[in-house]
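Could you have a look at this structure, given as structure tokens, before my questions?
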Amino acid sequence: MVIRTQRKEFMKRIRWSSSKIWLLIALAPLIALPFLIGEGFLSLAIEMLIMIIAACGLNLMMGYSGMVNFGPAGLYAVGAYTTALLLVKTGAPFGFALIAGPVAAAIVGAIVGWFCVRLTHIYFALLTLAFSQLIFTIAYEWYSFTGGDNGIVGIPVPDFLAPIDHYYYFTLAITIVCLGLIWIIIHSPFGKTMQAYRENPERTEFIGIDTKRYRLKIFVLHSFFLGVAGSMYCGFNHNVFANYAHWLKGTDFIIACLLGGMYNFFGPVVGAAVYIFLEKLVMSYTEYWLFVLGFIIILLSLFLSGGIVGFIAEKFSTIRVKYDTQG
Amino acid sequence: MSIEALIMQVLSGLSTGMMIFLIAVGLCLIFGTVRVLNMAHGSMYMLGAFLCFWLTSILSNIAGSFWWTVILAPLGVALFGLVLEVVLFRRLYPREMIYQLILTFGVILLVSDTCKLLWGVEFHLVPYPRPLNKAVTILGALFPTYNIFLIIIGALIFVGLWALMRYTRLGRIIRAVTYNREMVSALGVNVPLTYTFVFVLACWLAGLGGVLTAPVSAITLGIDATILIECFIIAVIGGLGSLTGAFIGAIIFGLVNSFGILIAPRLAICFNFILMAVVLIIRPWGLMGKPE
Amino acid sequence: MKGKNIRVFTYLMVCMLVWCVVFVPKGAVAEKEPIKIGVIYVMSGAHAMYGLNAVAATEIAIDEINKAGGVLGRKLSYIARDDKMNPEVGLREAKDLVLNQKVSLLSGVLSSGVALAMSAYAKESKVIFFNSMAHTPKLTNEEGHRYFFRWCTNSTTQHHSGAKACAKYWGDKKVVTVAPDYEYGKSFHEIWWKHYPRYVPGAVNAGEIWIPLGTKDMTPYITKLMGLNPQLVACALFGGDQIAFAKQAEPFGTYKKFHFYGASDGDTYTLHPIKRGEPGTEGAIACSRFPYWMEITPKSAAFTKKFQEKTGRVPVFDALCHYISIHAFKDAAEKAGSLDTEKIIDALEGGIFDTALGKIEMRACDHQFQTPLWIGIMGYTPDFPYIHTTQFEKFENPYANYDTCKEAMELRKKQ
């Protein structure tokens, strides 16, 4: 008996460190990427990384807490505009502007969230949509401050970040940090509570959790990560447009989450990368990308509700079971 | 601003409101009965508008081509709605909200690109149909007859639907299904068929809206997304699922839009979103809706 | 659970690595390949025709150039993209064309907003950007730079001339402006109110009507206009918006009740579908930037003929300016003797090009190529079925109603 538990402990420790090894193996191609592909595709990779941050942030709310946010674009745009305005209008240092973006997004998220968490289901989704469109309208119309429909172009970026492979490594580093933070949030007691809320809101309320406060916290956290994505995108593109806040842009993030798999940590990662990759691929063959996307979405929601990662993970476990039973 | 000018602005607001009511009412019907927010509703409207353009071009040498289109195009959209409901939407009813929203969003993309394939990316206009291409004089100023026609039609459709819900057996069944689906099913009513009927009716209304509003609007890609947001605003203000709510919401929307343009032209788009947010915060179930 | 996910993820990463190594191309462009021109224009929605016309003109120009031996012995080709009147989309396409498709030249666009964004990108990435349609003066004044060239007239010239003509013809004091709510409309409004009061002292701004791009139902805007009851309506709508507005305003009697200045009406494509007898904008003062129905030069007649044969449509000035710009690119490259960007820019600056609209100079200080402007009254003539500018006057010195080099540089310094 003692020997068995000792062996169990030992196996657990090995599995954890083997996970670390797997992670490092996964990271290697990413680090080697700039040496393998050209500038245009590296640009695409940066876009993928930024979308990964946004999708994982959104998934904190959608997948792990079961709250449907139909307006992530608004918070994403707040991050982007804050960074842009600080860099252009006040000449603030890049690092400061980059951090100010997510912080501003979190603050706006707190305000918007305060109103939204009082509602549930479809009303919650509709209010997030309303706020996102309000942010869009403000960005679009406030010409003197936000540049209106012209947006803000020619945003200065420090010289060491100008070459695209430098910006790639920078983005990669930020992405890893964000994913790490999200991982910690999910595995903390707070994260577990949110997952409990997703499974059964009434029961969670019943055991004494103030769900409104928890939901507000998760709203603010996910806004922070959306803001990070927005600021990074602003730094990457050197511009920001009102369209960043339009609800249709938000649907990109939602689809990325669903495509990869909402109930999985790496789901949005894979979903974001596949989404951007597919878009590029399909657009090079046909102009009817939306048709293909619509088709994929319908198939996804009908048959593949676990998303890509969920689907593959399932297949893996059946193979493993087969192997184990044969073994 | 003179009184006449203000009244003109009210009339244009009513006209805008009724235009969107024709389309939003279907969305409210579907939500009221089936509890699904059909994001593809705007696409039905766009389909109706494109069919209107297509049919009026084909039938252009027949007298009264527009009026034939008013009959045929909504039927086409209703037929498409029927196929959509049976093949796709049925499977949505028991699913989670996020999958309902995203699947209907997928339909938006499909319909949009199909319209692009069939009718191209350009901008199309449909002329005012005779005999409504004149203007009437109201308080000394001219106002297009067609806009008055739209206001009247909107009101008639509202009254017609209300009467349908109130006084016919079909209407009673639909209302009963809204309240308690299991009970109604136990009483022998074919609930899936009722759902299908409501969906097809909503699509027919959206198609009709697309045709009737075409002369005062333009037909091009992208009108599905704009009308969808406007329908959401109306549905929220009036109450998701409420027929009377949709009517009142539409009037409010039209007037707020019209006076917004009058008073603060650059901010006019904002006002209706603010109104939507305020209603959701204070009274989420809308003016005429019922709390869940 | 955790471990399984990480493993799945790792497998996917390795697959990606393999794919990148095997399939993703990296190389540079081979030497004798054709020179590529990127054409970014709006090709969908209310203004789709402008883009489609520009592409047709591009094909005509490239065809002529290739038949004559190409540019420095290499053939010309083009890649066209749709910017959807959206700066974000336009910029993304520009980036793709420059980084992936390796174009030597970016050209386009209709929307002033898109043009500003692309101009900033051209400056950053040191790629020449030929603009043949966007009118905002900012492009050559405040935001002008070495890599940007405008091959058409601009808002200042257009609306200053328009204001002068309205003042001379009618001299109305109570004016309402109707403009699309974006960069071009804003610059129109600014320019109008800078110059009109100089010619009509006591002119008063009786109201402003801003119509967001993409508005379909214009009824509330029209009722507001009727309520404001001005003497003159100065309208800067164009393309599909202009047609929709004209159609919806007509039953209100807008065109009969007020004097009308339609900045873009004279470029007949804008009102092309309207035939004699149908409600239209007769009697309005309008600008024409390419009155194709008359022969301006033998080259213009030849272009009109080719364009009509190719597309079955009438040519629009943006198509002509685009055509001119591509020929100018060839001339500049041959003068410079190379495709080096900096050498071509040097060859372009100050160059005088013999074009369909006459011999015109590409001004060296701000890269503005001032095409002439005709202003007239919209009406019908027996020989032409569509409504167009008649009784026009041509502004002889194209730079008369535009900023001088000194003024332009001063605005740029303020930046």
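We just call them A, B and C in the order they show up, numbering each chain from 1.
The rule we apply is simple: a residue touches a chain if its C-beta (ideal position, glycine included) is under 8 Å from a C-beta of that chain, and two chains touch if they have at least 3 such contacts.
The structure presented is a predicted model; accordingly, all values stated were derived computationally and were not measured.
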Chains in simultaneous contact with chain B and chain C: A
Label of the chain whose CA centroid is most distant from the centroid of chain A: C
Length of the line joining the C-alpha centres of chain A and chain B, rounded to whole Å: 34
Geometric centre distance via CA averages, chain C-chain A, whole Å: 38
For chain B, residues that touch 2 or more chains besides their own: 266, 269
Touching two or more other chains - residues of chain C: 181
Chain C-touching residues of chain B, taken from the complex the two chains share: 1-2, 4-6, 8-9, 11-13, 15-16, 19, 121-123, 125, 127-128, 133-135, 141-147, 213, 216-218, 220-223, 226, 257-258, 261-262, 265-266, 269
Touching residues on chain A, where the partner in the complex is chain B: 62, 68, 70, 115, 118-119, 121-123, 125-127, 129-131, 133-134, 137-138, 140-141, 247-248, 251, 254-255, 258, 262, 287-291, 293-298, 300-302, 305
Interfacial residue positions of chain C with respect to chain B in the complex: 43-49, 82, 181, 208-210, 212, 214, 216-217, 219-224, 226-229, 239-240, 243-244, 247-248, 251-253, 273
Contact set on chain C toward chain A in their complex: 2-10, 12-14, 16-17, 20-21, 24-27, 86-88, 91, 95-96, 99-100, 113, 116-117, 120-121, 123-124, 181-183, 186, 213
Sites on chain A touched by chain C in the complex: 15, 18-19, 22-23, 25-30, 32-33, 36-41, 43, 143, 148-151, 153-154, 237-239, 241, 243-244, 264-266, 269-270, 273, 309, 312-313, 316-317
